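Per-chain residue numbering starts at 1, and chain names A, B, C and D are given in the order in which the chains are listed.
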Amino acid sequence: MTLLGLYHYWVFAVLLMIGFYAVIARLNLIKKLIGLFLFQSAVFLLYITMGKVDGGTAPIFQVGVENQIFSNPLPQVLILTAIVVGISTMALGLGIVVRIKEEYGSIEEHEIQEIDQQ
Amino acid sequence: MYDVVTIATLATMALALVRALLGPSVYDRVLAVNMFGTKTVLLLSVIAFLYGRPDFLDLALAYALINFIGVLAVLVFFRSRALRRAANAGMED
Amino acid sequence: MAVFLDVVSWLLLSLGGAFVFIGGVGALRMPDLYTRIHAASLTDTMGASLIIAGIILQAGASLASIKLAMILLFLLLTSPTATNALASAALLAGMRPGEAIPWRQDRSE
Amino acid sequence: MIVLFGVFLLTLLVITALAIVRSENLFVVVMLAGIFSLLMAAMFLILDAPDVALTEAAVGAGISTVLFLAALALTAERERAGSTNRLLALGVVAVTTLIVIYATFDKPRFGDPAAPVHQHVAPWYLERTPEAIDIPNVVTAILGSFRGYDTLGEVFVVFTAGIGVLFLLGTRPRRNSRSVRVALDESDAGLRHYLIPRVVGRLLVPFIVLFGLYIQFHGEYGPGGGFQAGAIVAAGLILYALLEGEEQALRVMPRWVLTGLVAGGALLYGAVGIAGMLLGGNFLDYSVLATDPIKGQQIGILLIETGVGITVTGVLLSVFHAFAARGRYL
């Protein structure tokens, strides 16, 4: 049981680092954005995992049911807004990439740097 | 009782994921995503009852309604690409 | 009566699960794109109908049943439409049904 | 049993993420990201977070795929192999992964009710919600009332991001990049030639918008609220634009309406705060909005959730139209 619980955190660590790898090792700008998407998803997962309580249920009161254990609602509030903020900022990032493509004709980091040095 | 269905759905999700990884064409991957979407609707409905909280069915309803927008976007994407290529070929002639 | 309902819904759920799984195997094992679409979409419809019918029997007459019926209705509308759109997109890109080698694209993958 | 289901889903998540990083075809990457989002939503539901799962569903099912595909149509579909020091990057990542995994052994046990996260404000929120606000969904109560100031900030981040996209893509493209723009006949726009998607899609648009409104106003009693509803309504209207072409969608909902929605929702949120101040309370203190403080709280939450929904709808639609108007999509 302890191991199964730890597995949640390990998946968080692995996902975080897969996203990090895409950001640092890939040169394509859209791929970097996808890496950021993975990174932020990993953080979402960590928050929600920490909010879970054994034997708990979702923090919505039910009529006629008393003495329920509820999972922690606070991380859920933070992540709920973060998902929508995430897609908006992702759109902003994609907008910047589109403009870069129009100005430089490429979305590969090394090609953009070559053009800049000329 | 719900466990059997959940296991079947999860196994099918794994199979669809394998199809998405193998490809070979991009359309196979779109097919896999579409399958995955339907399986998620079923999984969410079953989990709602497994947890004894039927009010979570709203989630499955949301997926059932908007999941196919992604596939339509793919169709629009390929259609505009085909038009673009035709237009480019026409300019070169 | 309750036992009878339980048995029927268990049967429906298991049968639905079997259909869903067979569809997954078909989507994995069939030789080309259009046969795979065929395997996936038909079993999807059958499996989803059976599973949701099974859950409705468990839920009884309640708001949940109405929601489940809506889910089934929308699935029956959207899932074939998505399949149709997918097949249209594949045809548009020049994939012909029955061709022995559908994987001309993406061979580098 | 359900823990095992969760573990299985997590394993699928890792496999999908690895495939996303490995694939060089960006279209495939977008499709796999769709699968990733579906898995995340199922995982959130298993971890007792239906509100979060609904948000992920509303955003991930339609909108993010549509936005990424629009960006791909404007840039490139394939990643070109470049030369980076992959080994160095892999080394850094491997070492960091090990450090993070080592740190997880010090974390509280998964599901431990005595963990520090569950000690401070969270029990207070759960305790106070029935007496101070009296709505069943504690998540909505925290989002709208207890942490209303925080949510105001988030709404303004969404607002700013939307304005930023409009600034970036609202300018006219240069002439040389316009040569590839396909001149489309109006009768040819969208998916008008595809009868089945068009008929079914048009049938579903009103249901999607109606469902969005249900999520908006049912958010105090079940999973839902402004953020989810905004994304769902936007998805429905984007579906309409996909089916009928961008021109027709803009005729139904012109740009000035979209801009009005973006600003109007944020303004409504701020106005509720100011109204509280004018009635003698603090900023975003809803208790003074009605004679009964509990009633006031409920009215306040309803109003600010509406503001959130309006802004999110406006921003997502404006962003979509900004990408679509760039010319190579739709």
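General observations
In this section, a residue touches a chain if its C-beta (ideal position, glycine included) is under 8 Å from a C-beta of that chain, and two chains touch if they have at least 3 such contacts.
Just so it is clear, the model here is predicted, and its values are computed rather than measured.
Chains that touch both subunit B and subunit D: A, C. The pair of chains sharing the greatest count of C-beta contacts is A-D. Note on chain placement: the centre of subunit A and the centre of subunit D lie 12 Å apart, centres being C-alpha means. If you average the CA atoms of subunit A and of subunit C, the two centres end up 30 Å from each other.
Between subunit A and subunit B the centroid-to-centroid distance comes to 20 Å (mean Cα coordinates, whole Å).
Residue positions of subunit B touching 2 or more other chains, listed in rising order: 13-14, 23, 26, 30, 32, 37, 51, 53, 55-56, 58, 61, 65, 67, 72, 74-75, 79. Looking at subunit D, residues 25, 28, 50, 72, 194, 197, 201, 204, 207, 222-223, 228 sit in touch with two or more other chains.
In subunit A, the residues touching two or more other chains are 57-58, 60, 62. Here, these are the chain pairs in contact: A-B, A-D, B-C, B-D, C-D.
Across the interface of their complex, subunit B is touched by residues 1-2, 5, 8-9, 12, 15-16, 19, 25, 27-28, 31-32, 34-35, 38, 41-42, 45-46, 50, 53-54, 57-58, 61-62, 65-66, 69, 72-73, 179-180, 182-184, 190-191, 194, 197, 201, 204, 207-208, 211, 215, 218, 222-224, 228, 232, 235-236, 238-239, 242-243, 328-330 of subunit D. Residues 74, 77-78, 81, 84-85, 88, 106, 108-109 of subunit C touch subunit D in their complex. Interface residues of subunit B facing subunit A in the complex, by the touch rule stated above, are 51, 53, 55-56.
Contacts from subunit D toward subunit A in the complex involve residues 3-4, 6-7, 10-11, 13-14, 17-18, 20-21, 26, 29, 33, 36, 40, 43-44, 47-52, 55-56, 59, 63-64, 67-68, 70-72, 74-76, 79-80, 82-84, 86, 89-90, 92-94, 96-97, 100-101, 104-105, 107, 109-113, 115, 117-118, 121-122, 125-126, 129-130, 136-139, 142-143, 147, 150-151, 154, 157-158, 161-162, 164-165, 168-169, 173-174, 177, 221-223, 225, 227-228, 230-231, 312, 315-316, 319, 322-323, 326.
Taken together, the subunit D residues at the contact with subunit C in this complex read 23-25, 28, 194, 196-197, 200-201, 203-204, 207.
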